[in-house]
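All chains are identified by letter, namely A, B, C and D, in their written order; residue positions are counted from 1 within each chain.
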């Protein structure tokens, strides 16, 4: 049973990774990051069940809080960038390079 | 054995002090108010005269000693002492050096006095005398130095002065080039000298590196070492004494003022090589093969330069080649272990060659620095005293009996014949004839016939007494010096040879009087033939010949200078330029530049990797993580 | 009990200060200088409190309340002091910067103070959840700080990159915690250490994998190759005081955590020695190679920061775990922080309005116009290059000594080689400043606090070199 | 002040130099201050010389704990070898302040700092301390070349800095290795030279450390083929910096080999002496030949200096008393002669704004005193007997022949090679006809003459009376040779005893 949860978690995590490295839309990228964090959350909950303690729950809550904070910040940044360039394509934001 | 005296050090020191005083006074005042030339003249001339007095004292002191103990030493201070190497600044006066001392200081005194007249009015009168004094000091160190290292001080010192004085008229590039050539060629010889000295030292030097100890320990040397040392020292001698293949500097050295040519490039410095070989006679005597090399080098030099001498136009060049030629004789003498004969020729040569140069100087002075003999002529009447003295000098040089040159040269030729080296003797006699020819060619062209340049002739006049008196004194020397070593054939007792005997490791050649008579007859015949041909060709006036064919080749000294230029000078300069400007910057520095280049290349590669796309950065991270994971799984095994 | 509070007092002071500053931001009439002075005061106070020595062995304050989540020792204390000092100097020099670039506001100081409090927590954290929380506190503050210049598209781009990659790494961190938690049922360092020393790291793949993820996230933060790419862009885009703050305080905090994690039990480091070795070497050289290609000063400094991370990794590999004092690492961090902060403090007032001077060439002839500034920058650069008699030299010396002692001769030699390579780009700036003619007047406006800051730090760089460190 | 003579000699110039950089004095004031400070240093140098007993040990030692945790001590002292290197620097530097005029105050400050750091490097008995001074002495030079140098100065400074720093950092790696190894063997931290001599290292470690040291010193000296930084740096540097580089800094390289490599890496030095000696001789010939192709008088002298350093280096590797004494003697001799030449060239450049040999000529006529001084320095540098250059060169050649005949013969070619380019240069610059540019050349002023005169006299004095110097050098050289040959090897216990009293 725990394996299924964990497998799902790993799958989600990998999807997240794939999303970050393959997608150019800033929103999708952030969603992928969220996916990774949620994969971790899933694992936390499942493992908390396995170990029968509350640490995992606490962690999951904290991760969610962090994810929310990051999302808020991310949205602000995306809006800011959109104001500057009118685009949400990460490839556009490569003025800093070399 | 040797007696310690405390005044030997004074002898070289006096002229050096003189040089310093005159030099400093000159430097301090030349730009502002010049001091009178007379002051410098007095200062500068006093030192050679004083040294001459001391030389005489040395001679009498030595004379007062028993024959076996005729050596005065003076160890002034320990020069340097490093490990087994203990070199002291010591001086040695033995019969050999005392003889050298006498004529060096004597001719130097006369030439100093002569120079007062010759250099009068020169802008750097004092500088000239400072250099002359410096030269004299160095020469005396060379002569008196006890041990090769001290000798080397003088050896290089005279080389330096020679350079300075050749380049004296430094505005003219060719003069300076001549000076450079002299110094560099001498340095090549010195290279040999230093090496010879080093090998000698590491063989026996640890138990004393002065002549007396060396002489005592010479028997401990391996024959191979002796050969090597003698050859290397001879390389030094060829440089200093202008022998094949290093003679090329001496003719060019005539660029210096004429008294310099007389003093340095005829009478004293150039004979240092001969003196050195005689000094090391205790080594050379053990290696006859090397002696033969020395003798042949000498006699061939004599031949070659005599050939050059027959086709020169410049009065000083004629004399210069004759000097080279006479030096060749001397080497032939010392090479054949007839050291006293060689040294005696050095001695007489100093008189007549200094005389000839000073005479030539008078002519040049009289003609306002005209040196081409084909612009002269008929000067006999205008410069009678000069003519007479030069005639005496020429006769001595040409080997006319009973002039000094006859006895000394004859003794060398006689020893060649007596020791069975007929080849050397034949060449020697041939050269004697050629010597007579070119000497009298010069005399006839310059003094006889009719004037070729009427204007110069009109203005020619006998130089002042300060110049003529030395000429006369030297002429007397040239005339009579030969009698000092009169061979027994003429009822003499060979005083000079006997005087020198304690210093030299000489075996006397026992030969019959008949051989001696043959030798003399041949020399006199050669002299007569030479002078006859010269008279036939030039006695009644002749025009400047057009050199062609062999004579042109000889006039250009067999193109040896050009050959050296092509073989050594140009390649050396080209290599220098190539290394300094190309190879060093691009080849030697190449590895460094290559590293830098790679570093930069890598740098630009890494710059390319920083693409700026955030996705790519994430990919890098994932790749990194994969590698990390891989390494982690590796460690599970 | 009252003793324990002394250990945590700096953290409290800084956190309360941060909240206070945030509240103050509501009052628009308060001038920036006041906020700066206030934060300087807070940091100074925390620094002074932190001076109380603790001892080498870990002390767990308030065990009953925190359940051993926090531990303090001299290592954490000194790391905290470095971090607080970084905050202090950044707060000082930021004022000069904001006088020339008028996007400053009071929140800047509040956010920075929050970041510092997170970092203090990081150094003390003995438990992964705490580390995570602290890390995110720091990160979130710094994200905002990086993008503080909202009008500048580069600044925004920088924060975007940092945010995406930071969150990405954060995801791994979370997943790593999950794995560790799965393997042990506990997230405390003590439990990890116990498990590792009992069974060895490699007997528990989930633990090993989890720690690898955690390491990965931490490596990302301290810019170990190949997780370094962001740093050049982000440093470039961020406002100068923020860059300086990130380069120093953040690095110190993360290195402290890394030390805590890597040295938990000898086996962790031993098992990953190969990996750490390659990463270290690559980090050293990649940093140098990136740096030589840069024309922008901030980018060069960012890249050189990668190299310094490499040095710290050498020390982390080589320090002896059983009697860990971390003094070498801390000394290096202090030396590095002093010189880096010094350079950024100088840039804070020299770069001019809108950071118009950012390239090497823009500083041509600085020495002719502002000799003292140029001299200070030179001292900082020489320290970074490791030329005596600066602290940077001694730092490198200690690290090389440690590397030899640990038997890592190759690392020691490569460290030196990398130091040779780094001369190249440090010299470039010196050459630009001194050997070119000035065509700029280097006019600056604003307060003198950044110059004062640079001056103090220059003295620190020289004085620190004589500060003895026990090995 | 009088108790800590050496420290004063080190730190007085450094402190005053830094002050001169920071405090806005006028240029002339800075120069005067520099002159006074360097004279004070010279005075202390003479005090040291007079108080020096020559017992083969370090004298005037001062030991202070610097960073005790790793055994880094501020430990300085002089022995027979360092004494003369120290004095050479102290005696020569005042001239610079007299001759080099109208430079910004920072220039004079840099000079002073270099002087102090060089004194520090010479006196240091602790390797880390030595390293620190070794690096610090380069920094002011770096700035002097870069700020006040010729048109291609930037490339030259980068090259000299990277080159020398690369070498010295490698040496640092070796220094630290030695310290750690010492700690491993004796349980005590120490970087003391005498102590480290007692280390037992594995062959490989010893060889690697040896090369790390050797490369650092070989770059500084420089030994072929690591000399390629030199022509550019010497040419582009202002005269004073070239003077410092050639006259003192290069000599510190030689000195460092004697001081640090010989006691610590004796067996390695013996093993690798032959290839190193070959490198030195090749450099001597190579650079000597390269000099003839130069058109820039300073560049010519740069190559000449490199060539001469070849012979000095050769003296080190022959490992016999003659050659080593010769090298040490030549340190002084070459410093005085080449240093003087570079300063005099600096005067030419200053007055005529050119260094091209083809632009010059006839200076001897315009400036006889100048020409005379130049000639004496030149003759000393070509090793004419009677000048200081001869003694050292002669001893080295003698030692080289004892060591290896071929090497000795090749080394003796320096007699010929040196004189070729020097005479050529002298001819073109001082002889021949002057031109419009050189006809206005002013001779040395009285002040300058008086500044140069002592050194000229020293050159002559050292040529005629070398023994007072040599007598003080030979015992130290002898003991170094003994150490290298293994007969004087310090045992580990002795080394430890040496360290213990400090603790």
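Note that in this section contacts are C-beta pairs under 8 Å (C-beta built on N, C-alpha and C of every residue); 3 or more make two chains touch, one makes a residue touch a chain.
From a predicted model like this one, the values you see are computed outputs, not experimental measurements.
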Between subunit A and subunit D, which partner chains are common?
B, C
More contacting C-beta pairs: B-D or B-C? The answer is B-D
Subunit B and subunit D, separation of their C-alpha mean positions in angstrom:
37
Using mean CA coordinates as chain centres, what's the gap between subunit B and subunit C in Å?
78
Distance from subunit D to subunit C - Cα centre to Cα centre, in angstrom:
42
As a quick test, compute the distance in whole Å between the mean CA positions of subunit A and subunit C.
26
Among all residues of subunit A, which ones touch two or more of the remaining chains?
17, 20, 29, 90, 93-98
Touching two or more other chains - residue numbers and ranges from subunit B
607, 610, 612, 614, 618
If a residue has to touch 2 or more other chains to count, which residues of subunit C qualify?
160-161, 164, 168, 172, 232-233, 293-294, 424
Which pairs of chains touch one another in this structure?
A-B, A-C, B-C, B-D, C-D
Within the complex, subunit D is touched by subunit C residues 367, 371-372, 375, 382, 386-389, 393-394, 397-398, 400-401, 404-405, 409, 412-413, 416-417, 419-420, 423-424, 427, 430-431, 434-435, 466, 468-471
Per the touch rule, the subunit B residues reaching subunit A in their complex are 607-608, 610-615, 618-619, 622
Spell out the residues on subunit A that touch subunit C in their complex, using ranges where they run on.
6, 9, 13, 16-17, 20, 26, 29-30, 33, 36-37, 39-41, 43-44, 47-48, 50-51, 53, 55-56, 58-59, 62-63, 66, 69-70, 73-74, 77-78, 80-81, 84-85, 90, 93-98
Listed in rising order, subunit D residues that touch subunit C in their complex are 21-22, 66-70, 106, 128, 131-132, 135-136, 139, 143, 146-147, 153-154, 157-158, 161-162, 165-166, 169-170, 172-173, 176-177, 179-181, 183-184
Which residues, counting only subunit D, touch subunit B once they are in their complex?
163, 224-225, 227-228, 231, 286, 289-294, 299, 303, 320-322, 325-326, 362, 364-365, 368-369, 372, 379, 384-386, 390-391, 394-395, 397-398, 401-402, 408-409, 412-413, 415-416, 419-421, 423-424, 427, 430-433, 443, 464-467, 470-471, 474, 478
